[in-house]
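The chains carry the letters A, B, C and D, assigned in the order they are written, with residues numbered from 1 in each.
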Amino acid sequence: MQDTPAPPSAAAREIVYRTRVEFGDCDPAGIVWFPNFFRWIDAASRHFFVECGVPRWEDTAASLGVIGTPLVDTHTRFVNTASYGDTLEFATSIREWRSKSFVQAYRVTRGEVLILECEEVRIFGGRHADGRLRALPVPPEIRRRCE
Amino acid sequence: MQDTPAPPSAAAREIVYRTRVEFGDCDPAGIVWFPNFFRWIDAASRHFFVECGVPRWEDTAASLGVIGTPLVDTHTRFVNTASYGDTLEFATSIREWRSKSFVQAYRVTRGEVLILECEEVRIFGGRHADGRLRALPVPPEIRRRCE
Amino acid sequence: MQDTPAPPSAAAREIVYRTRVEFGDCDPAGIVWFPNFFRWIDAASRHFFVECGVPRWEDTAASLGVIGTPLVDTHTRFVNTASYGDTLEFATSIREWRSKSFVQAYRVTRGEVLILECEEVRIFGGRHADGRLRALPVPPEIRRRCE
Amino acid sequence: MQDTPAPPSAAAREIVYRTRVEFGDCDPAGIVWFPNFFRWIDAASRHFFVECGVPRWEDTAASLGVIGTPLVDTHTRFVNTASYGDTLEFATSIREWRSKSFVQAYRVTRGEVLILECEEVRIFGGRHADGRLRALPVPPEIRRRCE
C-alpha cells in the first residue's frame, strides 16, 4: 500500500481573531483605510501565538533570544470593502515552516463575505551583537506549540 | 521603418515622497511597526497623483465619478528595518496601465540602504447605484497627466 | 414642598467599551503610545451611541443633518501605563447636555487599576451650505435615547 | 536695585514642526480624525527636543536613565477642522519647568487659521527596579539645552 502524505490542511491549526471596525478606521470614501487591515493582521498573528501558549516577547527574548516575528514579505489580495460597525474574522494559520522563517496566512471574512486574503513570510527575530535584527532558526519549542 | 516601442522605463515617471520616522511609529522592538509603512505608501500614492496635477477626489468624483484609488493587491518585500529619526524616500511610479486597473510601485530607501519594495494593483473607484464600490475604466484624462 | 433636582449621577447612563491592547499599540518604551488611547476613546464614544440605538451617521445625516460628533475639547489625565495583552474597560457616560454640545466622560480601567480619566466636549456636527462644519442644537430624538 | 524676573515669554523657545495632512488621516466626514492630531503633537514634542540637541532616548536611558517623556495630562481645544492637502504648523514650546514635570504647549495653525491649542504635562520617565515607570527629577543637562 502506498504511503499517502497527510494533506497540509490536516496539520494547519487555525485560530480566529475577531475585530470590530470603528468609524475612525474608515477613510473619506467611508470604507476601511487599508493600512488598518495590516494593523489587525499583525494583531491576529500575535493572537495566534498567544493562543498556542507562546509567552510575551520580553520572555522569549530572555529565554530564546526571540524579540518578535518581524515581517519580511506580504502578499495581500483585497476582495470586498468593509465599513464601521462590521465585525471581521481573521482565520489565521501557519501554512509552512522553513528553517529560518514561516508562512502565516489569513482569510478575512464578514459573515459569508470574503474581505481579503493575505500570505506573509515572517521570521523569529533576534539581535546581532551590534543590535541589528537577524533571523533566528525557528525555535523547536515554539514550533511544537503551534502545530 | 520599423516601429520600435519605447522602453518601459522611458515612460515611467518617478516621483519621490519623503517622510521622517517618528518615535510613535516604532514598536517595542524599537523598529518601524510595519502597518506604518503602508500608511506612508498610501500617502506616496496620493502624492504621485497630486504632483501630476490630479485634483482632489471630491473634484474627480464630481467630474469623472472617481472617488479614489482603492487597493486590490499588494506585494511587499521588507529588506531592512528603520527607526525614529530616519528619513525615508519613497520613489513612486506607475509601472503598468491596464484597462480597469494600474500597477503602482515603490522603492523605499534611507540614503543608499534599501528598506522595502512594494508593488500594488489599484483601481479608479466609482460607485454602483446602490453605493457599492466598482472599478472604472482608467480615465484617459488622468492617465495622460501621469505618463 | 420644594422641587429637588435629581442628582446628575442618577441620570447618567454608563456603557462599557472593552478593548485589548496589541503589540503594535505600544511604543519603544513598551507601553501604549498615547494617541492610541484617543483611538479607543473615540470608539467608546461611538459605541455609547450605538448601544443607545442611535443609527449610523449616514442615516442621521439624512434624517437630522447630523454627520457625527466632532470633538471640540478634551482634558485627559493619564494615571497608569498599559501594555500589550491588557484588556481595558472604558466606562462611558454623558455627564452634561448643553444646548449645542455635550460632555462625554470616560473612566478607563484594567481590572481595579485606573489607567486614565477623560472628559470631552463634543458637538452634533452638521454642514453649512458651503460645506463647513457647524454645531447643531442637540437633537431631542438623540438625547432621549441616550438618557 | 530691584531684581526683576524676566517675563516667561522671554525664556520660552519656540520650535515649529510641520506636517502635511494625508487622505488616510481623514475620517468619513472628510476631516482629520482627531487621534491623528495627537500623533503629530507627539512628533512635535520629540522634534522640539531633537532641535535642542537632546539625543535619542536610548542614549539618555544609558546616560541619565531617561527613557522618554510620557504624557500625564493633556488639555486640547479644537477650533477649526483640517483636511488632506493641508500643511499644518505646530508651534511648540515649554511653558513651565517644575521639579519633576514640565508643561509643553502647541499652537497649531494652517496659514493664519488656528486649528487647535494644546497644553500638556509630561515627565522625564525612568524605571523603578521592577520595571514600572516613574517620574525623574528634570535633568539639568536637558533643561539647559531647551531654554
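The working rule: a contact is a pair of C-beta atoms (placed from the backbone, for glycine too) under 8 Å apart; a residue touches a chain by one contact, two chains touch by 3 or more.
Everything numeric in this text was worked out from a predicted model, so none of it was measured.
Q: Counting one step per pair of touching chains, how far is chain C from chain B at the shortest?
A: 1
Q: Just grab the chain with the largest centre-to-centre distance to chain B, centres being mean Cα coordinates.
A: Using the mean of the C-alpha atoms as each chain's centre, the farthest one from chain B is C.
Q: Counting only Cα atoms for the centres, state how far chain A is from chain C in Å.
A: Between these chains, centre-to-centre, one finds 31 Å.
Q: Between chain C and chain D, what's the gap in Å when you average each chain's C-alpha atoms?
A: Their C-alpha centroids are separated by 25 Å.
Q: Would you mind pulling out the distance in Å between where the CA atoms of chain A average out and where those of chain D do?
A: 35
Q: Name the residues of chain A that each touch 2 or more other chains.
A: Within chain A, residues 23-24, 27-30, 33, 35, 39, 42, 57, 68, 84 contact more than one other chain.
Q: Residues of chain D touching chain B in their complex?
A: These residues of chain D touch chain B: 22-24, 30, 39, 42-43, 46, 50, 56-58, 68, 84-85.
Q: If we count contacts the way the header does, which residues on chain D are in touch with chain A in the complex?
A: So the residues of chain D in touch with chain A come to 23-24, 26-30, 33, 35, 84.
Q: List the residues on chain B that touch chain A in their complex, please.
A: For chain B paired with chain A, touching residues are 27-29, 31, 33-36, 38-39, 42, 57, 67-68, 70-78, 81, 125, 132-133.
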